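Some structures to go through are shown next.
The following pair of complexes shares a single chain, subunit A, combined with subunit B in the former and subunit C in the latter.
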Partner chain A sequence: MSGEPRPGWKNLLQGTARVLRAPIYLLALVTITVMAVLPQFFGTQYFALSLVFATIYITLALAWDLSSGLTGYISFGLPFFFGLGAMATGYSYYHGVGGSFSLLAIDFGVGLLGGLLFALPTLRLRGPFFTLLSLLLPLIAASFVVAFWQVLHMPTIGYIGIPFLAPSPQAELPILSVTTAAVLTVSFLLRRSHFGLVLRAIRDDEDAVESKGIRTLPYKVAVFSFASGIAAFAGGTYAMTTSFGGIDSFDFQFLIYPMLIAIVGAAIVRGGLGGIVGSVFAGYAIILFSQYLTLPEFNLQELTLPIFAFVAILLVLFLPSALGRPSGPREAS
Partner chain B sequence: MTRLVVSELAKHFGGNRVLDRVSFSMRHGSLALVGPNGAGKTTLLNALAGVVRPSAGRIEFDDLDIAGLSTWKIARLGIVKTNQVVRPLHSLTVDEHLRVFTRGNDPVRRARALRATNLEEFREQTADQLPFGALKRLELAEAIVTGARLLLLDEPIGGLSRLEAEGIVETLRTLRAQGQAMIIVEHRLREILPFVDDVVALDRGRIIYDGPPSGFYADAAVRDAYIGRTDAGG
Partner chain C sequence: MASVDSAIAIILVYGAVGGAIYALISLGFTLIFGVARLLNLVYGALYMVVGYTIYALAVQDGVSIYAAAAVAIAIAIGVGTVSFLLFVRRNPDPIRFMIGTLLIALFLQYYFSYAFQGEAGYIIPGLIPNTSILVMGVSISQLSLLAAGVSVIMVVTLYIWVERTGSGRVLRATASDPETAALFGISPGRVALLVIVLSSALIGLAAVLVVPTGEVTPTMWTGPFIIAFVVAIVGGLGKFLWTLPAAFLVSFSQVTAQYYIPYDVTDLVAFAVAIVFILTLPRGMGGIWEAHRVG
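Moving on to the complex of A and B:
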């Protein structure tokens, strides 16, 4: 009657294999691979570094899409967890932790815990109030960091001299491509799982979901903690790319670009926000284009964000259904 | 057998007393809750399901006072309500709706509910694409798959054609025969009263009738409340 398998390890593996045969997912994997290999053979150091940044932004976009895109709880807290990861990297390094992967594992753990502490009280609130609080988080953290470093009378605000993840961007890119592919895979599987289905249901009508006996809070907290862990991990890789973990990482560009990538991704791939895969394609396109505009011969750095913001506004206005926005007001009863 | 005893239940919105010390109990497995528009039927169901918090009174379900508990707790205890105005998850397919709500994620239970509500042909369609009749059946199917012991059905055949209504009434009859307890709010008495055990009638927040369907039409208070309105038949 129903093709749904009963739970069990064998079925879980089979189900996983079935999900991962999706053409769009495979295409995203191929894209990541090509982008990892390309600068090994041609292009400048700058091109390779741009692609490194692209993988970092894509990882952030995946985290944002999985949590905010899928649940409809829009969070502006990404820069907080990104910055937290970057700072944690510096702190751990200067307190004797050696090895890039230990540092990144710590970052993930710190982000997970931070996300849990933030999500548990705030996700009891409904959408707009949660969004507001998430916006305050990076602001407060940034001023706190600035104040703290001023007390110490340090010249730069943050940890300098963090070891590089790899000796060159060309060498770093394959590593970050693998982690990006891993985040993509886990996110894609979660989205297609029963867990992801409940999150989509929450986005559509949370009260209706609760009224049928499903407590939504644990689902929301779980996905936001996980996404915070990923964001902190990405912050760690950024710190190891720039050799600096500090105030820069709390910048709102680490919210705007990932959101933009997720929105554009949602518009180009069927499934709307929370569709996960679109971020990969949109991420390379947007970050490479913005890095291109930043080149000295154009020097249009100041224009890149407004251009993309304008694109995002157009998408939201004219393709609301592509973004999975509710098609109309719904009466309560 | 589920036990539901409502005592002195009150609900006011500001100065508007919508439920005025309502007391009744479920003596058998099915009960029709009727009354004119604005009588407070939906508000009563909402109070039972935890959607609104009662201002006063007790709701005992299996000897536990559930008044004021959150909806998910009440639903887990076994009381699940459908909505008078259909309220689907617009981006989910019919199958996905049922996968979200099926107790124990049991595919057999889900398949049975799909068949019982005649929704098999719509399985892969999203709620956005469904005709009204299918949305009403989906509302019912969602409640069924939760495995609730007591269903609160708010106008399950409201707005449906006679033919569509017949289909749902047939489903309800089958559920009854399988021992499913239910409280049905309906205006279409001719279609519902024949198969319920008891009738409770509300008018302006008060109970004006509580007894078997056979005595309902003859009751003076009922006639008063329904003048010119009795069984409009949809």
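Moving on to the complex of A and C:
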């Protein structure tokens, strides 16, 4: 693998560079950068922590949009892989794995493997099996933790005392912003690649894709496993932000917010689900607003989730474009 | 551990009663999918709606349990019908319906958690006193026996209605081929609406009978949802007449495992049964029977 790049590599690099010059992508990247830098100079620690949560939710939304939005195979299992990552962080830490980045790498691997094991049998079948089983995953995982936390030698229904990713939210935010930007870049490139084109075609008409001699299963399994790895990675960062990896990570708030972010993001870029980039803008707006509502002067902390679930219902009802097919030119590089 | 005889008695009694109750919980879910081809994810939340409505009316406001139960079932029917009308009449897209109904279920969970101060569990009164009697030497609550009895009656009534009456034939025709049914003047939309009302009433009735044996909590909807889903898979998605045998299979699997494993593994066993069926027999018991009959 030495010497001059082969023409294929040259084309790939040129194609990648061309895709990454897209204004909407650059704008998203600038937004992530500004949000990473802002709390270093202005605002309180709470503001920085809110932005940390925003980056975690944006990463989750990107993962959901990449798999469910692009393929049309709706997965409700996001909280399972998120929780799996959080639990894997605690388990690894308790069993002597040191170093935040090693823990996060393990989380990604566990999520990838978990996604593969789940997707391989369920995505073979047509019909609603995949979606329904994915919905059961977080429920079953929570039951499992409640039943077996003592057998697994957990101190409680989860792992406490997980080391923080950084000494302060201000220090943590740039790290998470870089990972969010990386996930955005990879997702954006995948969407615009031949791989992404096949995924969108699967969403449009899977039979037509198969009739062209393309086996759809590897594409679906690959994107779902990758997205599961990202979700588990996000779960690991959440555990290292709250210092706890436990049963609360399987809560459906880790589905509602990412879905809401992806749907609003789809409406912003007017491309339907699978548009990827819109999640960045929607994520900051929604999470900052939800954190704003929890301030003592509003005292709406317990109402935040019902409010946002209600908003999501309204969006699904009245924003037909948000759940529509991704539009725009078929940009295969 | 108890003797073999008592082990068999425990598994038989709890398995049979649990199976009958599971059938009542699952009947509406399989009916909707069988006729309207819709996965109604708000279904489990209606169970929770009934629980909290009875708590608010019967416990907090002192209304009679019978009146509270009637109002609660009416509210469950209302929520189920509105969900259907909102997401299907406006835009009949199964993905939109699935996401929308899940969001409604989660909205209700978080709203009840807020309105009733968190995860605390509440006890609600039953239609009869929650005392226990001995069946084959096994102690079981009278409420559970009542729920099992009502379930068997409902399943048999539904079977006779679907198989032996003209309106039941309309239901079967729509389930089998909605487009051809429409050609013959049947409105699939109206049939689907009827089924939504019926299934909401069934899960409401199940809640009235079963919830008093446990607690009312914001996450209580997940239990019946898991059961309804697994029974639907085991019976065969849409094969609503196979609900009863599928419910018994799930219940006996759970009770047997629970008897020998000293941890709460009921949900895990249900999930395992669903996985085994999806991987080996995705058409469920009903599908196997149909294939055998045709073959």
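As a convention for this text, the second predicted complex is superposed on the first by the 309 of 333 C-alpha atoms of A that agree within 3 Å, B and C clash if a C-alpha of one lies under 4 Å from a C-alpha of the other, contacts with A are read in each partner's own complex, and residues count from 1 in each chain.
Following the convention adopted for this analysis, a contact is a pair of C-beta atoms (placed from the backbone, for glycine too) under 8 Å apart; a residue touches a chain by one contact, two chains touch by 3 or more.
Small disclaimer: the values here were computed from a predicted structure and weren't measured.
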Key: Partner chain in contact with A:E210 - subunit B first, subunit C second, else both or neither   = first
Ask   = Which holds for A:R200: it touches subunit B only (first), subunit C only (second), both, or neither?
value = first
Contacts of A:F252 with subunit B and subunit C, given as first, second, both or neither = second
Task = Go through the superposed model and pick first if A:E297 touches only subunit B, second if only subunit C, both, or neither.
result = neither
Remark   = subunit A residues where the subunit B and subunit C footprints coincide none
Message = Can you tell me which positions in subunit B touch subunit A when the two form their complex?
response = 42, 49-51, 70-72, 75-76, 80-81, 83-85, 87, 89-92, 96-97, 99-101, 103, 105, 107-108, 110-111, 128, 142-143, 146, 148, 154
Message = Could you list, by residue number, the parts of subunit A that touch subunit C in their complex?
response = 72, 74, 76, 121-122, 125, 127-129, 131-133, 135-136, 139-140, 143-144, 146-148, 151, 252, 255-256, 259, 302-303, 305-306, 309-310, 312-313, 316-317, 320, 323
Remark   = Note: in the complex, subunit A contacts subunit B through residues 1-2, 4, 6-7, 194, 197-198, 200-201, 203-205, 207-216, 272, 324, 326-327, 330-333
Remark   = In the complex, the residues of subunit C that touch subunit A are 39, 41, 86-87, 90-91, 93-96, 98-100, 102-104, 106-107, 109-111, 113-114, 222, 225-226, 229, 233, 237, 263-268, 271, 274-275, 278-279, 282
